[in-house]
Each structure stands twice: as structure tokens, then as C-alpha cells.
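Both complexes shown next keep chain A, but they swap its partner, so chain B is in the first and chain C is in the second.
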Partner chain A sequence: MSYTQRETPILAELCTFLVEDMYGELAARVFSVLARFGRQRRVEISKASYLSSSQISLGLVILTQQHLVFHSPSTEATVFYDIDWQQSYALVRHAKIAHFVEERFNKKSANVISNLLTLGHTSLADLRDAYFQPSQQEEGAVNGKKPNGIKANGDTTINGQTSLVNGTEHDDHDDETLASPEELYGIIQTLMEHGWVIQVAEAQYLSAEDMHNIARQQALNDQWGGSVPTGTKDKDRLAQLIMANKRRTRDAWLEVPNFSSRKRKANESDYGSSKRTKLNGEGQYGSAGSYHHSPEDDLVIRVNPEKAAVAMRNEYLVSLVEQRISYTTARVYEILLRSLEKNIPRCFEEHPDPPPANIEDQPQWEPNPDHVVNTKDIAQRAKILGLDICNGLDPAAVARVTKTTSNDKGVLAQPVDHSSLSFHERSEIVEAHLRLLVDHPLHFVNWHARGQYRVDFDLMAKSLIQQEIENTVLARKSTVAMKLLRALKKKGKLDERQLCNTMMASANDIRGIVNDLTVQGFVQTQEIPKVDRREAKLSLHLIWYDMQRAREKLLHDTYKGQVRILQRIAFEREKIQELLTKANRTDVAGNETKYLKQTELDDLKKWKEVQEKLLLQLARQDDLVAVLRDYCGPLLTA
Partner chain B sequence: MSRGGRGGARGGGQRSAPGTVMIAGTEMAWDLTGLELQKGPGDLFPSAPPAQAPPPSDYEKTTLKHYIAIRDRVHNGDFFTVLNDGMKTGLKRRAGDMAPTDESLFDPFVGNETYSARYHKRVRKVPKLDTRPFVHELFPPELRQYLDRGSSKKKRVLAVTTKINEKSSIQQHIEQEEGRTREAEARADDEDDELDEDEAAEDEEEKEKGDDEDNWSAVSSDSEEADDDYNAEQYFDNGEDDDVDDADPYENTYE
Partner chain C sequence: MGSRADMLYEECAKRPEGTTFFQRDLTGMHIARDLNELLNLVGDLSNRHLLKPLQFEGEPCWKLRPKDIAEKLRRLVPDERLLYQHIDNAHTEGVWSKALRAKTNLAQPTVTKYLKSLESKDLIQAVMSVKTPNRKMYLLKHLKPSEDVAGGPWQNEGDFDSALIEVAAKVVANKVEHDTCIRVSAGWNNYTSSDRQAAIAHKKAQVKGVPDIEDALPVQPYHPPTDSGASRLVHRSNPGYPTTITLAKYLNETGLLRGKTVRESDMEQLLEMLVLEGTLENVSASTYRTVIPPTNQKFNGFVDAPCGNCPVFDLCSDEGPITARTCAYFAEWLETTSEEP
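Right after this comes the complex of A and B.
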């Protein structure tokens, strides 16, 4: 079974709560049946549930539209449904995705992406019609949308001037409301190029097993004419081909179609300045009169569920650098990571080539060329952002670059103005920041070649997991417990005596801690009998630390914490339900101060605070889940 | 004896004060009369205040706003359903369990339907699928019939929002409320201008809200805000006021 598709009862509970919180009770009830019994047909769901068959179908429609369930290919006679755990859990991350997009691009893009999140998938034509309803173009004039277009179009020679007028008149309008279909297409193309939005294909609805079977059948048909090979070499080859097929299917979703109507240059800034595009768009919109249909209308799009983890990883690393090194270095690192982000569609390869049978053939670890950046590019970008890169460095390092040390008389020179630095000096200073990152024990970046640095995400991910586990142990227990964990990590399996020697502590001090950690699942124990009877005295008692197990235990605990938070939200809502119903009445909504008492308003305010506090905690725990689950695949242990 | 040997020279320098003894560099009282040892068992459940999470940063606040906005939008959309049938999961009841009846689900305190129930926000028991377009090919064949069901003559259009930072309804009226408190404070400051200011505030509110309320007097608003339903003199004012609401009472119902 696929690594990301493994579920635990607690995850099932968590996801059911999340679905209920977002899509209401019917969807959650159907979801809970699937979560309880796994892959099933509609009839079987019907049998296991108290809901009527049509209710179940409607529930399945919601779940399918939102990509929360898989279904087997429509070519087959019976349809099986199964839960997409990744996507169901990702409901927590909807807000984060919208926020990331707002931060990286602009508010309009965030608006488009949050609409896509709520809609599930949609065809581009439908989305365009929703934004710019064809029949309502005349009404648009009243809203003040149309005049923009007319003005900009009416006199193209004073385009600059009209844009100025637009800017001043419709300030609030401009950063959130889309002006034309062209602009919408522009935003979607940019989002697709950066991997935030992907195409939808039927294969996305295939569960891991279906996907595997199809990939396998395809490999068999291509190479062996449909018959199953028998030799060991052929079997290895088959396993490789299956993975290659899966990767190919998946990578096809990321392809950006050629947007015919787009005039935008490809090399325009990555960080979404949409001013120019918009003016172009308005001109065309006005001149065309009615919008002509473009070939990409049939394209069906959705939000890329894997991209959020990539952005979360970057944010997490930047915040770590900010804590450990300095603010400015963190900003430099942020620039570096964001420049890489476009090329990274996912955090780890879910379908890697299977490892070779014998150890000698194991390929050496190779750095990923996609994760390399040029110092000069960072320096350039830092200049655009107006970042004072001289901050946060050893003054001597800055002085060495700028050659402005104390003069002959020993008087210190004036501080360096970062805006007056030459390009070369700038790169050198950025390099000084990068050296700080290289020297850090976590190796935030690594030297790659002259003037080039590389980020080894997968090596770092393990340290991050280890660090989170240590943090947890430190918070729950003591420094000794953390020391024990580190000692075991370094030394491997130890018996009590060796452990005492390693820790330089007496057995009495350690025993209690070992017991606690074992019970909590961070440390494993093993008993090896020396004789053929199983007797405590005559067996070896080994203690060791397995990062993968500790990681899964902590992940499990975190899920549990999230379930508690959602239960608490439900409970708090239940307490105030009556008042909420009243506040949502059609006559009261909007006139709360008129119809509600002071005490009721106070209660509402309190409820809002409580809810925000709990949701905040939910989001923070989600950060932990991302570190533990999403940044690297399963860690193999010997 | 112990003063000799290695530590002798230093120990000699730190002569302890009378009545005390130096143990490992710490001064301890030689005389232990004042010392109280706890003899009984400790508290079974000593009070341990829960750890408080740090307050949200600005970044997290924005994320929260997005979360609530997205969720509110889904809740107001066509997919959100409330069954309210007293069940926890979608699984079948066990053999012995009775199905919850209407009587058992009825809340005698608030469940009795009153006139104002016509204002209640309608909740859906089944999702409304005939308003938005679907991409039929992506659904399994057995579900496709449900996508077209109940299709009306109207063109199907996706519901999108054009603003992302819509405030949630609660947020909105809490802000209104805060504004009102400020006004009330200002009013308390100068009692003389009470009426004028009230009217001014009213005007502002009306501008914000648009035209759903046109004629309601400052006097009656006071009486309602002050929550004195038993004020006999204003008994009839209130009645008139309620009729003013000319919004369509059936706007949230099914056609």
C-alpha cells in the first residue's frame, strides 16, 4: 500500500471531523462509513449505513467533486470508492494555500485560488463565466467594471493617462477584483507555471491500487506483450517500468498548456506584477465586444495538493534560520528558497525506482541539479526588494568586501550604505550570508560550485524530524531523556550496562527514563534469550531508538491532538448554538446591534475568540504534521 | 581530618559563619530545629495550570482570516448540509438501538416553532446540485444522473466570490458593536447632544447597510437597545417598528 495512503483510526476520525466542519453532515456521514470499512461499492456503503441510497449518492457527489474520494476507472463495470486521505487531511491547509498564494503573487491570485479550493475542480470556461457572466455584461456597467474597459480602450494614445485615472478612482477595486477574462487567464497560467494549479485527469481519481494495476498492465503490454515475465532480471525491470509509468502519468498533470490568448512574456517577474497585463487585457476585452471562446476553455483545473507542503517547508526553514541565525540571513534564505520553489512540484518522490537487489549496485546519493541557485541571482533579487544585506553579518566580513575598514588613524569608517554597493560587492556579501547557512549544523545550504549553492532538502528533512522529536521529548521529560535519545541514536542497540557507560550515569537514574520513553513509544526494547528458556536473567535486554517509529508515534499523537481540538470546537459551538442560530436569522444577520442584547453580543465575541484560539492551535499542529509526514518519505532502517 | 589534603588551603580560607556548616560550597544551618519536613503524602492532584499557547502572530492572523472566510463560503454554498437526525456517524444502528424519534430530538425549550421561525436560516438536508455546472466525465457513471437532477431552466453558474477578505458575519457585527460602544461612551460624555448624535450614527449605519431599513425612529431604537420590553409607554411603537422589515421573507426558502 502506498505510504501516503496508510491510515490509522485516529486519522479517520480526524478527517471525518474535518469533512463535517467543512462540508456538513451528509458528506461526513458517508465519509465515515468509507473510513470505517475501506474500499467499497455504493451498494455496500448503503448496506453499512442508515442513510438512504440517494442520500449516499449525493454525499458521494460532494466528496467526488472535492476530490475527497477515489473511484475506480469508469471503464470497469462496478465502481469502488475509497478515501483519499492526503486530500482529506489537506482540508486543514486550505487557508494556508490561499495565504501562500496571496503572499507570493497578489490578492487577485489568492481570490482565484480560494475559489478553486471551494469549488473542487472546474473547467476554465465555467470559471470564466462565473467571474464574467456573459448575460450580465450590461449590468456590469453599473458596477463600474465596464467603464474601465471603455475608457482604456476608447483612446489608446493616452493609455498611460487613463490607467492613472483608473488607479486613483478604483483603488479598492484594483487589487482584488478581476478586470477581464484575459487577466483571469493570466493569473491561472502563472499559477500553473508555478505549480499551484494543475490539470485534472481521470487518473487523479484512481486509488493507489488501481493506479498500480494500470501502470503494471501498461508496462506488461509495452514490453512483454501482456504476459507476465518470469526471470528475476525481468521482474526488476518490470518494477522499474511500473514506477516510471506512474511518474509519467503524474507529471503530465503538471504540464502547462499553451494559453493562446495570452500576450504576457514568459520571462516577466515571477512575483506577479500584474499592472501591465491588466492594461493589455482591458484593451482587448473592450475591443472584442463579446468574448470569443478560446481553445483552452475545456481545460479542467484544480489546486495542486502537493504544492502546499513545498511552501510550508520553505516557510518552516526560513523561520528556523530566523531563530537560529538572524533576520537578514533568513530573508536572504527566503529569496533563495522562493527562487527554487517554482521548480519543485513536491517534497519527495513518492514513486522512486526500487532499490537494486545487491548493495554494491546502490547508486551514490547525487545532488539534485534543480536545487542549485546562483549567488548573483539572489543578490539581484535582494536589491530589488531593498533588503539591507549588510545587517546580521560580522562587521569584519562586510569590511573585507567593501574595503572600508578603519583608516590609518584608527577611526572607524561610516557604516556601509547597502544601496551604494557594486554588484560584485553585493554578491560577495550575499555569499557571506550563505556561508553562515553552510556552517550551521543543519546545513541549510551546501556549496555546489563557484558562486553556486545547493539546498539538500532530503538530507535536511531527517534532521528536522529528529529535531521535532527531541523538542517533544525535552518538553515532556527532561534534558537527560533527550540526551539518552541522542546517545541511542549515535550508538545503536545497547544493553543497560553499555547504556550506563555511554550516558555516564547510574542504572537507577536511567531506568525510569527508559521506561517512560518506551511507554511513550520513542524508544524500543528488545529481549534476546541466551538459553532456550525464556528467562529474564538469562536474556539480553536491548534498548534502541528508531527514528521512523518515533516519528510515526509523534505523528499519531499530533493527529490525536487535532481531533481533540476539533471536538472542543464542536463542544463550544454546541454551548452557544442557540445564540448562533439567532445571530444567523435572516433579519438579525447584519443588524445584530439592533436585535441582540449586550450579553449576547459579548457571548458571540467570546465564542469567536475561543474559536480562533483553537483554530490557531490546529494550524500550528498542522505545521508539525507537515514536518513529520510530508517532507521526506519513509525512513528505512536496517 | 578532612581539612587536610587537597582542599585544605582553600577550605581554610572559607571559614563558615558560626552555627552553619559549608557543604559543597553551600552554607547550611547546622541546627535543624526550624526545618519542617513534609511527612504526609503529597497532593494527589496538585493544581497545574495548563500551558498557554503564544498569541497569534500577524501572519497567523491572516491565515486564520482566510480559513474562516473559506469555511463561511462553503457553509453558505450549495454543498453544506445539516441532517440534525441525532446520529453521530453514518453507520447503521446496532440491532438493539432505537432510531431517534422526532420526539426525542425535540427540544421543548426552544424547539417550539414561533412566528420568527420564518426568519431562520434555512438549512439543507440534501445538497443542491442544480445550480452549478459539473464536469461529468470525472464522475463515475452511476453518479452522473444525480448531477442533472432537478435542473432548472436557469443557466448553471459557479458561485465565486470576488473579494477574498470578506469579513465573517460575526466579525462584522462585533466591529459594529465596538463602534456602538464607542458611540455610547461619547454620548455619555455630553448628554445634551444625545439626540443629534444618535441620528447621525443612525444615518451612518443606514449608509453602510443600504436601503433595507428606511423609517424607524430614534426613540424606538433606544427602547430596543436598552432592552426594556416592559416599558408600557413604548408598547405600540415597537409594534409598528417590526412591520417595517420589507425584505422578502422567503428569500432563503426553496422555490
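Right after this comes the complex of A and C.
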């Protein structure tokens, strides 16, 4: 048995680590059984795990609450459990999601979203009660004095996200503290409108297979009265309907209910809530500011797992532009991408219509009208942000717009203050930045119509994967290795002589590199015998590069790298476990300088640095995972 | 007679090298008194190998041979001479030894022997063919092998001349950079931030008495010192992009390649290589521009951590001699200690 087969699949190991770190050992035990044996019933879990029935229940409850497992539809007699790998891996992104939300909205929203992340899913009423305890009469007392209802489920070290809900020590004017339930509802509504928060539905617990079966059954019932059609045309039609059903189910989660409460005064309730207020007793009418139950209290919500990838993609693109073009252009691009973000619930369509049988019917690739922006809007926004948009451009272009001149060193005859530009000039300069983005080989944006530009994410995604593979090779080996990869990418399968010609290097220089890259799994070699005997001299030796293979290999390696980082964190922690226990004692915590020796303080500081460094690297590896995995579906190899 | 023949030879030698002489040219020199004598003279010179008989569209014509080569040729044995003629006919393309054997019907050892002797007499040369790397091609000593045999300007003795390529690439890259980019010095736009808006807002506030939210000057964002005094390379806004043809012309004009000329296809090969290398990028199919080097080269989270560059990454596992606990690279990177394996 080769060593690669002996190891546990790396993603399972990684996710088990993450679950253990976040939700403790019990959940991780149940999780690892599922990870090892795949889809199974409770009985089988209990056989494989040596856990008692109640322990398994508890573990499954945690996993279910966090959406880490799928289970078969409740209509069926036996319930099968299976792991939701996507969601399990997403544990590593919790801190990122909170960070994104804080950047896009504010600290309060970030607070709400990180609570939602910790809770997995929750009904709106429960969330409200956690923030504003219902028994309390005076609103003013809510944030200030009493401890909040929600507790952290476990260790949050992975994400470094600090605790929950409104801290008890904050005063009312803290910008992290919610003032009223209305505000909370407002935040939730905004987050839902932007697609960060979605409704929970039972279908979210269906594994891909169950989901497919249900969608198929539904299509059969609708169109063919439950019987399976026979003709080829009907079969194609069925495949299409199944996908359409899946899309419909999924898109329903994104719907934002009409938040009636938001602008409603307490005593102007509509019929839905007046019923409830009656049940709650008349007394509530009197107390000013007390909260009424509203119809959306039953709404169960969770964080949209796909939205994080959208934000990550945008961040990644912006940082790429900053590296490749310029800081200012990157900021312009950021404004552009942010303005699109609201309309993009996910990075790629997971359930596209199946491709038509014959190639000619293949629909032409069509630009997505949702991904179009106006130059003027960007110019406006850049002004609000006070961005010096003249930077990063060819001075001649700036001079042309502002009717001045520049010399050959680019120094303007008349300096231009960006804040005094007219609206028209501003738009022209933004346009110049956009042209830089259009001209770049990656085509960060494309020209759409006059004054309008479009981002073609799908087309870019593949280049981004290629980009990261090249980056990896470049960092590991040399420019020559990267050149080789690009040559193969451009030309396809080559023999050694053709490869030499393309790279303009001698065979001796590239032979070693081809070997190394083959061993690392980035390029493949192939031998085609020309005669019956398989003789090396009489065979063609081809070298080729398959992006999908390289992508999978790099993804696998990155997962492995992440596992090693988590293991290293555990090891580093273990080394100073004793000291950490001491520092966490209630009498010591907060008075470290008083009770701990200088060497101990130094060790503690060192541990924090080490942990920070490792966690940062973990997050950066996650960025790579996102590029490789989340921005486009599997690449078909010809 | 002899002196007359020599006179004819001298007269022909006055013409530019490589001239082909037809009968009318030779009579025009007025050395032979009549046609018979001219034929004798030419016959004499041909026998002494000083004239090389040729045919052009069925008409006989001759070319001059240098005296020293003619001297050597006179001393050859017939088989050698036969080989020489065949090699001569192949011109700059050269001829493969096996093809020679087929043409001359000589035995292999004889061919090998005479080829060697011709080589030692400095009459022919052997060149490795680029197209078929294991074939020796023979051609006359004073000829330069054709591109098919010796490869383009980038190749030397059947292999790529990496030093030459490097220099040429640098020159071309510089030219492209000059054409498509502009180096902007740090203080290109030295406006004194007059804060006109702030002044207006301030004035308005004074007049109105109440500050308007709309007028409030936004907080200036933090600007990382990317420009910190250094000049930056920026793409020109409307450059005339260089093409394969203009660059080939430019490189030939520099005279850098000493006698070799770069054709369009050669330049295309070089430019394509530079695109693969990441120095240039395509704007359209045949126009190029410089790639702006990244301000701070970051790779990715994987290769920046020790695992991405680890030589024993594939051997690393959860237990055994190589694990995350015993890793020397982690220890070095984090400045901590690892477990002894």
C-alpha cells in the first residue's frame, strides 16, 4: 500500500481539527466517525464510535445546529447522516466573514453576524431575546447591566474572534452596542438584502444526492405524472427541469421577507402581530420602548455560506490589481466591485443547465447584465472617499483631461489637486483607470457600453487558478519552471525538442525541471510507442500540463499545509500548557504582571506571537483554497 | 596559351565575387581572338579547376574558383572530387553522408575516408543539423550553413546561444519598455493640498452657522507610502505599441547580432519566449508591452509558509520521523524549538 493511501483523506483530517477546535471533543468524535465511514445511520455511528447514545445525540445536535452534517429528509423512515464538507471547511472563515461585514457595514452588523456564526442558525425571536432580554421592562437597562444570554460554544482560537453579543462593560454609546430591537431587525434586513444572511430551509440539510432525487421526483410529477419518460428529447428536458428545480429551491432561501416591524410604531401593528400582542397581555402596550413580537419572529436565519467566497474573490482581485497595476487603480476597482457585490449571491452557478448534446447548439457565452457598472457612479464614490484618483496614471493622460502638459519625466506643468476636479474631469480620469484594467491580460473589467464597464468573473476565475499555480511554481523553483508551465499551457502537448524551441533553452537546462515538476504533480509525461516493441528510442515522449490536475494537487497540498499549521499550533500550545493554565486562572487573568514571573510573561508573549503568525498563515492558505476551489466549477479537460 | 588563360582568369577576377560568366561575357573581354580559342582557354581553366562549369536554363556558364582551392582540388583523387562536387551542389543546405553514399554509389568506408580527408584539407565542413540533431551535414568550407541546418540567429552549433538570447532579450525588453511605459518620478504632481473644499465648507459653516453633513470634508484615507520618493513605472495611456516587425527592424539596426539578421519569425519566437517568461505581455496578437513588475512580490499563503517549500513535504505525516511537531523548518520560521524525532 502506498503511503498516500494509508493517510486519512486530508480534508477529513482538516475539518475534524476545525470542529474539535470550535465545538469540542465530543462533536469532533462524532464528526470523525462520519468522516471516516461516510453516509450512515445513527446505529452505525454508535457501533464505530464507542460513544453512548446520549453522547451521540449531543454531538449530532451540535453538528446539525452548525449545519456541518446533512441528514436525509424527515419524510423517510431511517435517517442517514453525512458530512457537509463545504460548510465544515467554512469554519476556518468565520473570522473573515465577521471582518468583511464590519468593513462593509459597521461594527454592530459584525457583532450580529458573528453571533449568527456561533449559533449556527437561530430564529429571529431567539436572537432578539439574546440581545434584549424579554423580561426586562426598561430598555435602557438592557445593554448596560445584565449579562447576555448567548454563550460561546467552545474555543474560538481558530478565528481569534472575540466573544459575543454586547459586552457587559460597554456603555450604551459604544458603536458595537445595539440600541433597540428595531435596530437589530434593521441590521438583519440589510444583511439579508445584501445576501449575507439567508433563511434556513429543510432542503439545506439535504445532501447533493437527496436534493437531486427530490428535484427529479418533483420534475417527474409535474411533467410526466410520476412516470419516467423514455425519449432522448424528454430525457434532456428532464435534466433541465431537475436543475431548474434545484435553482428554484436554492433561490428561495435568499428571499428577503418584508420586514413589517422596521418602520412600524409599537402600537400600529398589523393584524399578524396584534394577535400576538394580545396573547402577551395588555400590559405591554403601556411601557414605552418595550418590544412587540412581530410576524418575522418565526423566521429562522443563518449566514449565507456562499457569500463569503464572493467577498473573498473581490478582495483577492483588488489585491491582485494593487500588485500588478497600482494602488489607486486597485482602490477604483474596489469601489467598482463593492458596488456589484450586493447582486452577486454566489461565485458560480452550481446547477447550470446541462450542456446540449451537440456542440453547435452550445449557447454563446453571454455577459451577465448584473455585473455592469457606470463610470459616473464610481467617480462619485471616489470623490466621497477622497481618493486621489490622479495617481497611478500616465501623467500625459491626466494632463490631457485637465488641459495642462507634462514633460518626459511625467512632471505636470500645472499640478492638479484631485479634490478640485470637475465631475466631468473626474469621470474621465476614472475612465483612464478602467482602461488600465481593461488592457491588462487578465481583463479585470471589460468594456460594455459607453460609460459602462462589466466584470466577467467566470472568465477570470480560470486565469486566477492558473495564476496561483504559476505563483507556487515560481516561488518553489525558478522563472524557468514557470516559463515551462506557461509554454505547455499555451502549446499543449510537446515533445522535448518543441519545448526547447518554445522556451529557447537547451534540453539539458529543462530536463531537470521537467522531472521536478512531474514529481510534484504539476506536469505529466506520456510515452507513445511508434513500433510494436516498446522501445524508448522509438517512442514519442510528450510533456503536457493539465490545469485541473495541477489545481487538485495544489488544493490537496494546501489542505495538508493547513493541517500541519493546526498541528503545530496544538504542539506549541502543549509546550506551554502549564503556563497557559496558570495564566487563565481567575485570579491571575487580568493581573498577569502581578502574579507571573518575567520569563513567564515573555513566554506568554512569544506564544501569542507564534499563534498569531500561524493563524495568519492559515487564513492566507484559505485565500488560496478559495481561489482554487470556490470561484469556478471543475474544469473540463479535453 | 597558358598566359592567355591566366589573363582571362585575372580579367574575370576583377568582377565582383560570385559573378556568373556566360559565353558572351567572356567574349566581351576580348582576350580570345575567336570562339575556338575561347573554348580552349575555358577548357584549360576548367581542367585546372579555376572555373566551375554550371548551367543556367540550358546555357553553359561558369563561376570562378579561388586559386588556392583550385590548387587543392587538383590534388584530389577522382572519388574525392566526386564527393566534393556533390557537396558543392548542395550549397548552404549541406548534404547528409548517407545521402552522399546513395548518390555516389561508393562504399561506406570509402565515403567516410574521403570525407575525412576533405575535411582535413579544409575544403568542406561538417555541421550538426538543427532539424535532425543526430545528422551530420556536409557543406563547403567557405559557406555559411543555411538556417534550416544551423537554426536561426539564436542558435549556435545546433544549440541555443543563451548568452546572445539574453542580451537580445534585454535590448528588446528595454525598447518595449521605452515605447509603452513611462517612469513617473515621485513629485510628478506636486499640488499643495489647498483644501479648497475644507475652506468652502468652513466658510459655509460660518455663514449658515450650522455645519452641513454634505459639506463635511471626508477623512483623508490612509495612503500607504507606495510612492515613497521612488519613481514608478506606469503604462502610457496611448502608446504606439511595438510589433514584431518594428522590433525585428530595431534589433537589426542596432547591429548587435554581428552580421546575423533577425527575421520576423525569429523575432516572434523571441517575443513569445519573453511573454512566457513574464517580461512582456500581449496587447493584441502581434503587439507587445512591458509587464509592470509587482511592487511587493507576494506569492501565496501556501508557499510563504514552510510547508509550501518543504523538500520532504510528501514524507510528512501525522506520526513518524517527520511531523509538524518535529519540523525543523517550522522551528526556524517561528523561532521556537521542535521535538527531537
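Definition applied: the second predicted complex is superposed on the first by the 544 of 638 C-alpha atoms of A that agree within 3 Å, B and C clash if a C-alpha of one lies under 4 Å from a C-alpha of the other, contacts with A are read in each partner's own complex, and residues count from 1 in each chain.
We adopt the following convention: a contact is a pair of C-beta atoms (placed from the backbone, for glycine too) under 8 Å apart; a residue touches a chain by one contact, two chains touch by 3 or more.
Predicted model, so just to flag it, every value in this text is computed and none were measured.
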*Will chain C clash with chain B on chain A after the two structures are superposed, or do they fit?*
fit
*Which of the two partners, first being chain B and second being chain C, lies in contact with A:Q617: first, second, both, or neither?*
both
_Touching partner for A:I565 - first (chain B), second (chain C), both, neither_ = second
*asked:* If we overlay the two complexes on their shared chain A, which of chain B and chain C does A:L604 touch? Say first, second, both or neither.
replied: first
*With the two structures laid over each other on chain A, which partner does A:Q87 touch: chain B (first), chain C (second), both, or neither?*
neither
*Figure out whether A:M482 sits in contact with chain B (first) or chain C (second), or with both, or with neither.*
second
_First, second, both or neither for A:A432, with chain B first and chain C second_ = second
*Shortest C-alpha to C-alpha distance from chain B to chain C once the two structures are superposed, in angstrom?*
5
_Quick check on my understanding: which residues of chain A belong to both its chain B contact set and its chain C contact set?_
613, 617, 619-620
*What does chain A use to touch chain B in their complex?*
16, 21-33, 36, 42, 47-51, 54-55, 57-58, 60-62, 64-66, 71-72, 74, 79, 94-96, 98-99, 102, 107, 110-111, 114-115, 117-119, 121-123, 126-127, 129-131, 133, 135, 176-178, 200, 202, 205, 300, 578, 581, 583-598, 601, 604-605, 607-608, 612-613, 615-617, 619-620
*Within their complex, state which residues of chain B touch chain A.*
53, 56, 59-60, 62-64, 66-71, 73-75, 77, 79-84, 87, 89-93, 99, 110, 116, 119-121, 124-127, 129, 132-135, 137-143, 146-147, 155, 157-165, 169-174, 176-177, 180, 209, 212-213, 221, 224-225, 227, 245, 247, 249, 251-252
*Which of the residues in chain A come into contact with chain C in the complex?*
3, 7, 13, 322-327, 384-388, 390-398, 400, 406, 408-412, 415-417, 419-420, 432, 435-436, 439, 441, 468, 471-472, 474-476, 479, 482-483, 486-487, 490, 497, 500-506, 509, 554, 557-558, 560-561, 563-565, 567-568, 571-572, 575, 606, 610, 613-614, 617-624
*asked:* For the complex, give me every residue of chain C touching chain A.
replied: 133, 154, 159-160, 162, 165, 182-185, 187-197, 217-221, 223-224, 226-227, 232, 234-238, 269-270, 272-273, 276-278, 281-283, 292, 294-305, 307-309, 313, 315-318, 323-325, 327, 330, 333-334, 336, 339
